[in-house]
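Multiple structures are listed underneath, in C-alpha cells.
Here subunit A shows up in two complexes: once beside subunit B, once beside subunit C.
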Partner chain A sequence: MGFGTYVTARVMWAAVVSLIIVTITFLLLAAAPNPEIQRAATQAALQGGDPAEAAERARELRGLDEPIHVRYMDYLQSIYTLDWGWADSRSQPVTTALAEGLYYTAQYSVPWTILTILLGPLVGVYSAANMYSWKDHLATGFAFFGYAIPNFFFGIILLLMFGVWLEVIPVVYDTSVPVFSLANAIQLSIPVFVLVTGSIGAVMRVSRNESAEFQHADFMKTAKAKGVSPLRAYAYHVMRPTLVPLSTTLVGQLLALFLGSSLLVEVVFGIPGLGRVTYNALIAQDTNLVLGSTLAFTFVAVVGNLIEDLVFTVLDPRISYDDR
Partner chain B sequence: MTDDASPLLAVEGLTTAFDTDEGELVAVDGIDFTVEAGETVCLVGESGSGKTVATESITRLIGSPPGRIEGSVRYRGRDLLEMPEPELRTIRGYDIAHVFQNPQEAMNHCYTVGWQIVEALQIHEDVPDAEARGRAIDLLDRVGIANPSARFEEYPHQLSGGQKQRAMIAMALVGDPDLLIADEPTTALDVTVQAQILSLLDELQSEFDMGVLFVTHDLGVVAQIADRIVVMYAGKVMERGDVLDIFERPAHPYTRRLLECIPEVGGSRKGGIPGTLPDPHDPPAGCRFAPRCSHAVEACRTGGQPAEHAVNPGQHASCVHYRSDMDRSVLRDGSREEQPAAGGVSPEDE
Partner chain C sequence: MGTQRSDRFDEVEWDEISQSRWFEPSKNTLGVVFCTLPLALLGIYDWQVLGERTATFAFLGTEWNLEGIDYLFGFTLVLFAFYVVAPLYQNPRMTRYYWRQFKRNRPAVVSLGWLGVVFVGGLFGPLVVSAPEQSVLTGHQPPVFLSIDAANVATCVGDVVGGRCQGTLQHPLGTTQGGKDVFASIVYGMTISMQIAFITTTIVAAIGVSVGTVSAYAGGWVDETLMRFVDVVLSFPTLLMFLLILYIYGAGLGMFILVFSLFAWGGTARYVRSKSLSVSEAEYVKAGRLTGATTAQVVRRHVVPNTASSIITQLTLLVPGFLLAEAQLAFLGLGDSAVPSWGQLISAGRSDLSFAPWIVLAPGVVLFLTILAFNFLGDALLDALNPEAEAENE
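Coming up: the complex of A and B.
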C-alpha cells in the first residue's frame, strides 16, 4: 500500500469514528427524557388541558413521533450539514454561538499552540545538548513548574500581579479591541503564557529525553566524521529523529490542554471563548448548544489524532503502511 | 605547510584519557605510529585495547571534554590536535574519512542514503543538488551497489548490512580522501560479505591512492590487507613491523599468543590467552602484558612499559627480553619456533 492509499484509508477511518460518535450522541439523546415535552405537559395540566395530549402534540411538533431510523437519518443530515439547531440560552443558532466562541478561543489558542510546538522541541534539544548543566536544570525546573502548577491557579496569580497590582493588563478581557492590535496582544499575553507553561513542560521533557538518546547515536559520530558542524548535526541529525516520538505525545498533550484548561483559563480571564460558551450552556441546560460544543470538541480531537497519525508516518520512513 | 618528507599521518605520543567516577581512565597511553600514502597499516589488538579510541582521537571525533587528548597527530605536517575545530572540520570527511564498525547504526534512519552522501559532499564542496546527486550515484555505483539511482532514494533500513557498509564507504569517498580510517568495518557483517568489502577496500585503495588505517582484532583480515602492523595492548604499542615479519617471526610474547588464537584449518586451535586485560584505572607498573605473560621476569614488572627494541629492520617489540643485556633465548618455548633475525641484526642497532 502506498502512502496515498494509506492517507485515504486513514481519513476514511476518521470519518467512520466521527459517525460512531454522532450515533452515540443520537442514541443518548433519544433515550433521555426531553425537558421541553415535559414542560408542555406541565403547562397543559396547569391550564386544565390534557397533559398526555399536549405531550403528544409537542412530540409531533418536533418530529419525535417518527420511527427512530427516520429520526436518525434526519439527525445525521442536520449534523453533517451544520444545521445544529437553536441555542435557546443565547437566542441564536448553535453554529453561530460556537463560531463566536471559536473567534475568541482561536485568538489565544493559535499563539500558544505555535509557541509550544516551536519552543518545546528547541528548548528540549538544547537541554539535552547541555545535559546536567545549569541551563538544563533551569529548563527542567521550568518544565516541572509549568507541568505541576494548575493553569487556573497560575492564571489567577498572574492576573493579580499584572492586572490588579501592576495594572498592565485589563482584569476582564476587553472584547472591543481589534484582533490584531497591541492592546489585544497585551491582554492575551498572560493567558497565552499560562497555557504555554502548562503545555511546554511535557514537550520539553519528551524532546530532551528522546534527543539525549540520539545525540550519542552512532550516526552522530558519522555526521561528525563527515565534517558536519555541531549546530547542523543537532538541527538535522538529532531534531529530526526526535520529532518522531514527539509527534505521538504532542497532539495528545495539546488536545488535553485545549479541551480542559481552555475553559478554566477563559473563566479566569473572562474570555468569551468556546469553553465559556460550553460552560454557560451547561448551566442554562441548553441541550442543543451543549451537544453542539461537545461535537465541536470531539471533531477537533478526531482531526487532531488524524493529523498525528499522518505526521508520524511522514516523519518516520521505517513505518510500513502495509499492516494497517 | 605541506612537507613532502613528512609521512601522510604521523602520530606521536598520543594519549587519550577520560575522566570517570573511578578516576582517570587512560585508554590510549602515549602511542606512536605512521601511515604513508598508499599503504595499509593495521592496528591490531583484542577488544578494549584502545584501538578505536586511538583512531577516533586522530580527527578528534572524541569530544574533549569528556576526553583529554595529548601528543601530536600530524597530517601532512599539520598538527590536527592543535588545529581549531572549524579548520579540522574541513579535513574530516574530505581528506581524512572514516568508516565505522556497525553500518546498521551508522546512518541516520530518517534520511535517504542519497541525502546522507550528498550531505557529506555539500559540506565540503559548493556543488548544485543535481550535480551532487550525480556524483553520489556514481560513487554508489563505484562501491558495487546495484541499481544505484534507485538505492539513492532508499532509506537505510531498506538496504542489507553489506549494502549499507558499501554506502558508508561511498560516503567516505566523496572527497577523494588521502587517508581512510576503517574501524572494524567488516566485524558486523557475515563472512562472505566481509570478503567482498575487504577486496573492495583493497581496490579502492589503489584506485584512490589512499593511506588506510585499518583497525581490527581479526588477524585473518590483517594477513589479507596489511602492509604494516601495529599491535596494541591495554593502550600501549607492543610490537610493530611489516606484515610478513610479524606473521613469520612475531617477537613480542603478546603477538605470539595473539597469532596462536587464529583457528587453523581442521579446527585445531592452540587456545586463547589466559587472564583478562588489566584494569585501565590501575595498569600494571611494568609491561602491561606482564601479568598474563608466561615469560615475565622481575624486570617486566617495574619501570613502565619497556622501550621498543629493534628485533629486525623495521620490526620493533616493546619487551625487555630484546634489551641488549637480556637473553632472548628464554622466549623460545616451542609453541612457535623463533627464527634468528635475517642478517643478524643486533637488538640495539637502530
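Coming up: the complex of A and C.
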C-alpha cells in the first residue's frame, strides 16, 4: 500500500467513524421521549386543551410521524450540511451559537496547546539529560502533581487565591476586553496555567522515558566523539526520535483534556466558550444545542485522531502502511 | 497437578497435568462460586420478595439497604479476593519477589498504604461512621484546631473564643453549609470511589481480555472487524456521549459506571491482542501445541497469565480517569445527586469558599491524593511486574 492509498483509506475510515457516532446519537434521540413534545403536551393541558392532540401536532411539526429510515436520512443530511437547527435557549441558530463559543474557547486553547507542545518535550528531554538530579526530581514531581490534581479543583483554588484574596484577576471572565490586550492575557493566564499543568505532565513523562533510551545510543556516542555541541546533539539526535512516539500520545491526550476540562475550566472561570455553551444547553434543556455541541466536539475528536495518524506516518518513514 | 513426574518431556500426559476437560474448576473458581451464590440469593430475595422501600436487612432490625450496584461491587470484591489476593498467597515465592521489586519504589509503598486506607474506609467506614445528616443550625463548623468568625455560624458546637467559633472533635473536618459532617461525607465518598474503581476495572478487564484473545486467535476478518471496532471505541468521546445519555434519559451512578467502562476497554484489548500474538510465537507455546494442547488450554495457561501483569498495570492507570470523570460530573451538578461522592462535596462548598475553604479543600485533597496514589502505584507495578523492562535497562 502506498502513501496515497493509506491516506485515502484513513480519511475514509474517519468518515465511517463519524457516521457511526452520528448514527448512535440518532438512535439515542429516536429511542427517547422528546422533551419538547412533552412540553407542548403539558402546555396544552395547562391551557385547557387536549394534551394528546397537542403532542401529535408537535410531533407532526417536527416530522416525527415519518417512518424511521426517512427521519434517519433527513437527520444525516441536516447534520452533514451543517443545518443544525435553532437554539431556543439562545434565540439563534445552533451553528452561530457554537461559533461564538469557539471564539472564546480558541482564546485559551491556542496558547495552552502551543505551550504544552513546546514546553513538554523540552522539559522532558532536559530532565532525561539530567536524570536523577534534583532538577529531574523537581520536574517529575511537577509532572505527577499536574497529572493528578483535578483541573477544576486546581482552578477553584487558584481563583480563590488570585481572584478573591489577591484580586489580580477578575473572578468572572470579562468579555468586553479586546482579544489582544494585557487585560485579556492576565485574565486568561490562570485558566491556561491550569490546563497546561494538567496536560504537560503526561507529555513530560513520555518524552523523558523515550529520550532516556536514545541518550546512550551509539549515534549519540558518535556525535559526542565528533565534538558536536551538547545542544545540537540533543536537538538533532535525541529530540527528533523522541517526537515520533510522543506524537501518538500527544494528540489523544490533548483531545481528552480539551473535551473534558474545557467544560470544567469554562464553568469555573466563567468563560462563555464551547464548554459553557454545552453546559448551559444541558441546563436549559435545549436539545438542538446539546446535540450540536456534542457533535462539534465529536468531529474535533475524529479529525484530531485522523491528523495524529497522518502526522505519525509522515514523521516516521519506518512505518509500513500494511501493518496499520 | 500431576501425581507423578514423567522422565521425558514427550511423555507428559497433558490430561493429568492440566485440566483435561474444558471446565474443571480450580480451587479459586470454586471459592468464587461459593461466595457468589449467597450474594446472588440475597439479591434475588431483595429483588423479588422485599418491596421497593423495605431495607434489605430489615429482618435484622437495621436500616442497611443494598442496591444493584452494591451487589455488583460485592461480586467484584469476591473476584478480587480469589483471583488477585489468593494467588499471591498461594505463590509466596513470587509474592516475595514482587514485593522486593515493589519496595524499592518508596512513593509507591506510601501510595499503596493510602489506597489501603481508602479501601478499608470505603468498605467498613459506613458501618462505623454514621451517615452525614443535614442540620442547618450547625452549618459551617470549622475543622478541629481551626476557627471561624462566629458571625458565619448559626450555632457553634465548640467554644466561642474572642468572637471566633472553635472547631471540635465532634466534626474533625468541619461541616458544610447544610451542617453535614465533612469527615463522614469523605468516608462515604470512599465507598463510591471504591465501587467505581472495582466495577469498572472488572468490566474493562473482562471485555478487553476476551476481545483481545479472540481477535488474536481467530485472525482473518474477525480480527479485522474487532480491531476496527476497537478504533471506534478508542476515538469515542465518552464524556460527551455520557452527557447526551444523561440529558435524554437521566443517569445515575450505575449508568455512569456502565457507559464509562464500556468505552474504556479499547487500549486493553489492543494490548492483549499484540501480547497474545507474541506469546503464541514463543517456544514454550509451540512445545505445548506439539504435545497436544488445545487453543483454549494455551490461552488459559500461557496467554492470560503472561498478559495479566501488564493488564493490572494498565487498569491501575485507568482508574484515576474514572474517578476524575465522576468528580467532574458531580461538580457540574450532573452526577447522581443521591450519591455522596467527593465531587458532590466540592461543588457543595464552592459558594462558601472564601470563608469556609475546608469544605472544598478536604475532599479535593483526598481526591488528589487518591489519583496520585493510583498513578504512583501503576508506575511501580510497571517496573515490578515487568522483568523484561528491567533487563533492558541494565
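General observations
Here is the rule we use: the second predicted complex is superposed on the first by the 306 of 324 C-alpha atoms of A that agree within 3 Å, B and C clash if a C-alpha of one lies under 4 Å from a C-alpha of the other, contacts with A are read in each partner's own complex, and residues count from 1 in each chain.
In the analysis below, contacts are C-beta pairs under 8 Å (C-beta built on N, C-alpha and C of every residue); 3 or more make two chains touch, one makes a residue touch a chain.
This structure is a prediction, so every number in the text was calculated from the model and none was measured.
With the C-alpha superposition on subunit A as described, subunit C and subunit B fit side by side in the combined arrangement. Using CA centres, the angle subtended at subunit A by subunit B and subunit C is 80 degrees, rounded to a multiple of 10. In the superposition on chain A, A:8 makes contact with neither subunit B nor subunit C. When the shared chain is aligned, subunit C comes close enough to touch A:267, but subunit B does not. By the touch criterion defined above, A:301 reaches subunit C but does not reach subunit B. For subunit A, the partner that touches more of its residues is C, with subunit B and subunit C as the two candidates.
In the superposition on chain A, A:226 contacts subunit B only, with no contact to subunit C. When both complexes are overlaid on chain A, the residue A:291 reaches subunit C alone and has no touch with subunit B. When the two complexes are overlaid on their common chain A, residue A:78 makes contact with neither subunit B nor subunit C.
When both complexes are overlaid on chain A, the residue A:25 reaches subunit C alone and has no touch with subunit B. Closest contact between subunit B and subunit C, by C-alpha atoms in the overlaid model: 13 Å. On subunit A, the patch touched by subunit B and the patch touched by subunit C do not overlap at any residue. Taken in their complex, subunit B has these residues touching subunit A: 56, 59, 61, 86, 89-94, 97-98, 100, 102, 105-112, 119-120, 123-124, 155, 157, 168, 171. Across the complex, subunit A meets subunit C through its residues 13, 17, 20-21, 24-25, 28-29, 32, 144-145, 147-150, 152-153, 156-157, 160, 164, 259-260, 263-264, 267, 278-279, 282, 285, 287, 290-291, 294, 297-298, 301-302, 305. Across the complex, subunit A is touched by residues 228, 231-232, 234-237, 239-241, 243-249, 320, 324-325, 327-328, 331-332, 334, 346, 350, 353-354, 357, 360-361, 364, 367-368, 371-372, 375-376 of subunit C. Residue ranges on subunit A touching subunit B, taken from their complex, read 217-219, 221-229, 236-237, 240-241, 244, 315-318.
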